[in-house]
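The same chain A turns up in both complexes below, where it pairs with chain B and then with chain C.
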Partner chain A sequence: MEAIELLEKKLQREIAARQEAERILEEKSLELYQNNQKLEQLNGELESDLIHLFENAVFGIALTSNGDIKTVNSKFGEMMGYAVEELKALTIKDLTYKEDVSKSYQLTNALIAQQVDQFELRKRYRRKDGSLFWAKTKVSPVLNQDGSTRYHLAIIEDIQFLVEAEEKQATLIQTLQSQNKELDAFAQVVSHDLKSPLRAVNTLVGWLKEDHAEAFKGEALEHLQEIESRIGKAFSLIDGILEYAQVGTENTETEVDTKALVKYVSEMIDVPQQFQLSLEGDFPVLKIARSQLQHIFQNLLTNGVKYNDKDVVKILVKSWETSSHYLFSVQDNGIGIPAKYFDKIFTMFSTLNEQTKGTGVGLAIVKKICEHYGGTIIVDSKEGQGTTFTFSLNKQHTKL
Partner chain B sequence: MDKKTILFVDDDFLEHKKFERALKKSDNPELSIESFNDGSEALKWLESNKHAPPQLIILDLNMPLMNGLELLELVKQDHYLKRIPVVILTTSKNPKDIEQAHLLQAAGYIVKPNSNVQYQDTIQLITQYWMTSQSVA
Partner chain C sequence: MKGIVFTELFDMVETHFGLEMVQNIIDDAQLPNHGAYTKVGTYDHKEIYRLVGALSQRTDTDANALIKAFGKHLLQTFVASYPALFENSSDSFSFLSGVHDYIHVEVRKIYPDADLPHFATIDHPDGSMDMVYTSSKKMYALAEGLIEATMEHYNEAFRLDKEFIEEDGSKVRFTISKK
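Let's turn to the complex of A and B:
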């Protein structure tokens, strides 16, 4: 009897345990089911997000496997002039311009062999109507969980406009370069051919003076000297034009210590006995064609000395900088320039005084050099008191 | 002592005359001048006078048939002629000409001075220097 009771109790306990287990199982199953529902919903949302992204992308997108097209977005269809369904029956090779197939192949093979993680190339695609366009294609693999490649994801951007613009720019640069070359050659030839007859006239006048000193006296001699002086002016003009034409064609830009250069120039030019040069400010070291900067200072300093009626000729050269430019000023105590000529002095062939030795090219060259280095030049002057030239050079063009 | 020869090549006959006048003033009786209008004539003369080469060649650049740089290149390629110093005397200040002349082993590059007096001085300086210098026997 006791044994039966014990067995019954054990059975009841087991039944209870089993019922509890079933209850838990049911509960967990429900939970699992609900979680699964949530996951599916999430997945669905994610998928619709992805599809949205895929369909509305501004780039063409293609999923491929071994060169076969699995699916594409409508943008790519639009780019290629095919319906999406038509594209799914084609291969990448069918869409690639034949000259670009091999480089596309090479890169894809490297990707398959896992030599590269991804690649980007510029190639031409062929539309359904046979027309071509340039596109930038970026290809990367989409992996399965085990690391094998599920498919290749290609993102295609139409860059036809960019390529056309680049080509146009390259042609323009080439044309410009050849025109510059022609212009340079032209300037050289003109200069030589103009100088030769001048030299001859100059030589002959010299011989007349030498060989017939008796015949040329007084006014006749003065006339010969006048011829020589005009020829001298013509020589400087030709040299000036040639120099003007050459601004910017010299490519040898070196480090130039501007303070040392100003001192060097002041020692080079003809100065009167009473001459004071002072320098003020921080003079930078620039990356510039030395001869060009020298030309600027030589011209401005010479002007300051040449057009000067004071007993003591004073020239002050200052240097300072702004965030974008280096600035220099050359100030003299000379005769000054009337305000109405401030613009005129920088134009070709203008000298204010016909009697002076100036050719009217010097300041035009100075201005052209400043402009070549992204700067400019201005003048300020008071008659009888002096003149200040201020010029700037863009840091982007001249910074070390 | 044998007369020393200067070969003068320039397409302008007035330049020949000018050079001769400048030399005459320096009063150097042992000097003789051979003048040519063009590089190819000068080369012909050089090739037939290898036994008595000039002491110095003075060469213009801009000439119609064979220009100065072309002649210079040919002279420097020749086993015998390459020992003769060649001084360029030209109106060209073109940096490319200057560089090219030096690359082709010119002994000097002189831009013809515009002023007659300076020309005279320059010619005397060049000839004095090269007539003093010992040439290859």
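Let's turn to the complex of A and C:
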């Protein structure tokens, strides 16, 4: 084959190859163009989604770089009382209450030095009108692909009224605590001041009886004895008030086996010869101040025995539980209580019986203890047949 | 098969045997495009067998020896066209171990339809390395030429043993020991 012919053929091949390459490149270019179109469209959709998210966020959002504000959403503008464009000319420092600037600086520096991944702080911002508000600010870096920081993203939540509520609550607790202390001291003083003259009267009556035995006979002696008995009751009343005031101040809550406690109380109180105590149900073990629960059972069992005219005194103690409460009932076969007194018996200084076997403080204390443990107490009774007290204790307060 | 393999084959044939040989093997192989290959195109790999077969007959040389020689030529082209690929590796073994996991991955990004052979490398405690070639195209001789030229590129003395795992050459183990 001639050299010229070979070269011509090579040239033809090269031309054909070039045309083929051009065809392929055009095809690829079109493909690239179409892919680009798709990407642009996706990018546009993503951007509009992000803008929507940014603008409709319930929190303020600010993008900053070295403390300069790059962009903010309208919510942040609204929070600060500035137009968005005005904010872009400001720095975070301009918007931060001066006392909180250094705290904010330290954390931002730690973020820049990559000592922390992000931080959250409570700080005060200053609005355009100069007013301040508390906000929770969460700052995290937005990174470039090479790991350098593009800008800081701050999410700002106005917590002014949360902070105000917290302050109010703290003040309230402090007031209550000091009031409780005062009340406690008051009860101590009152009981001391009341007991002193009573004790003096008691002593004087004693002297009258001893030194003037001749003069006080018959009815006169009976009167003196009546005075002594009334003084004894007055002492019990004062102790009752003191006890009432102290419900809830005792914090030593221990594990208490309620079944064992009921048995213990029944052995401790004065019972008649013919006495039957029965227990029914699953008695729980509770976390509670033992003396307080003991007080409840002691009071209810004593009442059941004391206000009882039957030959055989019967008391049935039941225990059960609901999803939220432990419940106990103490049922007696005593004289009963008229329905119109069902509420009155739980108030201070109320005794229904004029011959008064009690001080009228006991059930008020029982009620207060139940309420302290998130429960309550109710009564049901039929005159001549007996009375049932049912009380509850909230599991949240008493569960082990 | 990528067009560069065909254009480079023609370059090599032209250099060693002259332009007339190129025209002859194109005529012998009865190619659909009459030998008008472009680097950016993709072609049926059977056409390379036909061209090599024709060259083998015309030069009375073993086809596999020709393919191996072509592998060496191809590697030199790669060194000239893509020096960065070689500069990233300090020695032959680190380059060869990266062929499948690094270079082929990059190739696929540009040519998603590229049908590449599979290379598995195994380092042995004695310092030698196995490179197992797997491809339905059975062009292990090309791999052999590429490996040898790589060792030469890094100026390393070596011994290359090959073992057919599949008799038809679709799976071949190369054991490379540095001297």
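Following the convention adopted for this analysis, the second predicted complex is superposed on the first by the 390 of 400 C-alpha atoms of A that agree within 3 Å, B and C clash if a C-alpha of one lies under 4 Å from a C-alpha of the other, contacts with A are read in each partner's own complex, and residues count from 1 in each chain.
Here is the rule we go by: a residue touches a chain if its C-beta (ideal position, glycine included) is under 8 Å from a C-beta of that chain, and two chains touch if they have at least 3 such contacts.
This one's a predicted model, so the numbers in the text were calculated from it and none came from an experiment.
Contact with neither chain B nor chain C is seen for A:51 once the two complexes are overlaid on the shared chain.
By the touch criterion defined above, A:16 reaches chain C but does not reach chain B.
By the touch criterion defined above, A:89 reaches neither chain B nor chain C. Of the two partner chains placed by the overlay, only chain B lies in contact with A:188; chain C stays clear of it.
Shared-chain residue A:24: touches chain C; no touch with chain B. Of the two partner chains placed around the shared chain by superposition, chain C is the only one that A:7 touches, whereas chain B remains out of contact. By the touch criterion given at the top, residues 12, 14, 18, 21, 62, 91-95, 112, 114-116 of chain B touch chain A in their complex. Across the complex, chain A meets chain C through its residues 1, 3, 6-7, 9-10, 12-18, 20-21, 24-25, 28.
Every residue of chain C that touches chain A in the complex is listed here, in rising order: 7, 19-20, 22-23, 26, 33-41.
Note for the complex: chain A touches chain B at residues 188, 191-192, 195-196, 199-200, 202-204, 206-207, 231-232, 235, 239, 242, 250.
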